[in-house]
């Protein structure tokens, strides 16, 4: 999926050159430079947060829970059950943070984007550059977390290696959608509402316990939300239980990313170029 | 004779090893418009903060309205209006609410605050901005709003720290006009500035401050008379040649200052100097005769120019 | 040269009169202002204050509980439902998380971004009053959160004794301040936020939330991690909450230690915070 052709479909071929100059790299590079001079604790904490959760919930609480039975009938340790979910959650949180708060600040306070728009960069360069930076960070964290899982013996199948591309896809989906939503936000208060969506997804998307506790209509609702697909996708890969559903989850994220990029592009165009 | 509003003797302020104010004496009478003129880092803001009872002095004596800031901070501040160097308007409140909320800090009843807010908005020429957000105001408007806010407690002394720094010329003139009206009404003004024209416009009396010390004191006219000549000739020979030219015209006028970009000749009659220069066979790229200003006073006193 | 010896002219008298009300009520003026400022995000506070407990109680208290093989909390008459066990800890977590916002970014904003504290400083208000006013306003927000949480806990039937709902909000407030006031002292001393607040959130708040016996007794953790509970206001307040809610067995001495630690943290933080405010505003 190449961005220029996608935007051509949305905005008409004439608009693409104004939007995209094929230089998202410059924006990504700036992100990396800025990360180098930003505080290391913040960068490092993205790795530690899921590890803390894994130790406290998976190991600590696991002593009261014992094994969890997967739909296939196989029973696995509680830590092995929630570890992939925590990986999915951290991919979501990282991508959402980078594409919402981070972008919001630069848009409204740092005036960074205005400065970038005054150069030969187009809005889509900026969007893709920022998303690319978010993805890069996400993959670094995921690699770290997977290593921890490996050491703790929580990767139950060789397919766990495939979680890296899966995390990329998930992060791309959340980042592009997050950026699209942020482009409509104008106050801090509105930004807080994003949190209100993330928290229930975090608690209920089969992260800490299977969906079977809920009545069916609620199960459907949760299955419509993105985090559940991410959790199931990654859990399938780390446990090696791949089903037809796995392809469905991938398709869900491809669609989500496409919608996100299309909307973001339209919005950036109207925000910066009209 | 009414008691002075502010009396300082040997006032000092140290920040660790750094001496920000190195023993200054000053006295401000009621109704007077008093200025502190000096370059960045001279210690003007520090002095203002000590007078405003928000910075504890390291040494010396200080009385404001007959009270010691160390023990009577709230009392003193209740009678001051403060316009800080850096605006600190509440950007989450609208323009009019900024005045009302600020009045509440003085314990003024809300209804009184509201009435004064309307009067002050009129005074600051901001009536049609009453419901605007602070961030939507221009720099000059923000400054006028800060002044209006400082007046909400009907202060006896208005303290202005660099009131027009960063404003464009037109906004400065609007602001000066407002301050002039306050002066006419008898409000005591204490202001700092590093602009001579501002000091000349607004101050009855001023002190020239440098490196935490007072270098001279008097009215603008007095200072110019005592420390400079009536006129100044500014000659530019091109940056490479100023030094050489200065040596050749040595002896002209009362005194000569050589700056990197120009040569200044102090004299009672500027035109006469210009003629003498050309008679010496020198042809400056530009020559300008102007009245002597506080800039020249500062240069004379410190050997440095005021705005680098 | 004392004031008393010179004759006081009317300016001096006006000054003496002008500071009477600010000296007495100054902290309330500041609290009023801070609460007004909170109205800008009032809906966030209300929805967050009600929604978050609802989600946590549903998700952890009920959802997760149905997968537990062994009971986690015990009252004098045997096991108590899991939701009853976690409820006090979740309540204190909520009041504490108010402070990770109000005693960090709000303080930095007052000193640096919006600079409203400097405006207050030039008025008759004293630095200590600015600190007090801020704390009062945050206490109001915390009280709202604590009362809403307690009401939901009661609605879930997640208390042992119903009368304990009168005490739980107070414990929430105490726990919140025991964590918050030292944090306030820290924040007020910062000139700039170069990631310190995010670090507090992720390396202090989150580990504390996870390892303070919130989801299971502290004893479940390996011994070398118990110190986290001992220094954690969340653990001390949660334990007291459990003792109040369902009479989790606890000796009088233990109660005294829990209370003592919480009060000491809050009082120490408070004294320190005021000192930092004074130093910074009148230095």
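The first chain written gets the first letter, and so on, giving A, B and C; residue counts start at 1 in each chain.
Here is the rule we go by: a residue touches a chain if its C-beta (ideal position, glycine included) is under 8 Å from a C-beta of that chain, and two chains touch if they have at least 3 such contacts.
Chain labels with UniProt names: A, C = Transport permease protein; B = ATP-binding cassette domain-containing protein.
Since we're looking at a predicted model, the values are computed, not measured.
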item	value
Chain-chain pair with the highest tally of contacting C-beta pairs	B-C
Chain located farthest away, centre of chain C (Transport permease protein) as origin (C-alpha)	B
Chain whose averaged C-alpha position falls nearest the assembly-wide average	C
Centroid distance [mean C-alpha coordinates] between chain C (Transport permease protein) and chain A (Transport permease protein), Å	32
Mean-CA-position distance for chain C (Transport permease protein) and chain B (Å)	45
Centroid distance [mean C-alpha coordinates] between chain B and chain A (Transport permease protein), Å	55
Two or more partner chains touched - positions in chain C (Transport permease protein)	40
Contact set on chain B toward chain C (Transport permease protein) in their complex	2-3, 5, 30, 52, 54-56, 61, 63, 65-68, 72-80, 82, 84, 86-93, 101-102, 104-107, 149, 153, 156
Contact set on chain A (Transport permease protein) toward chain C (Transport permease protein) in their complex	38-39, 41-42, 45, 48-49, 52-53, 55-57, 60-61, 63-66, 68, 188-189, 192-193, 195-196, 199-200, 203-204, 208-210, 213-214
Interface residues, chain C (Transport permease protein) side, partner chain B - complex	1, 3, 6, 8-9, 11-12, 14-16, 18-23, 25-26, 29-30, 32-33, 36-37, 40, 114-116, 118-126, 281-283
Chain C (Transport permease protein) to chain A (Transport permease protein) touching residues, read off their complex	40-41, 43-44, 47-48, 51-52, 55-56, 58-60, 62-64, 66-70, 72, 194-196, 198-199, 202-203, 206-207, 210-211, 215-216, 220-221
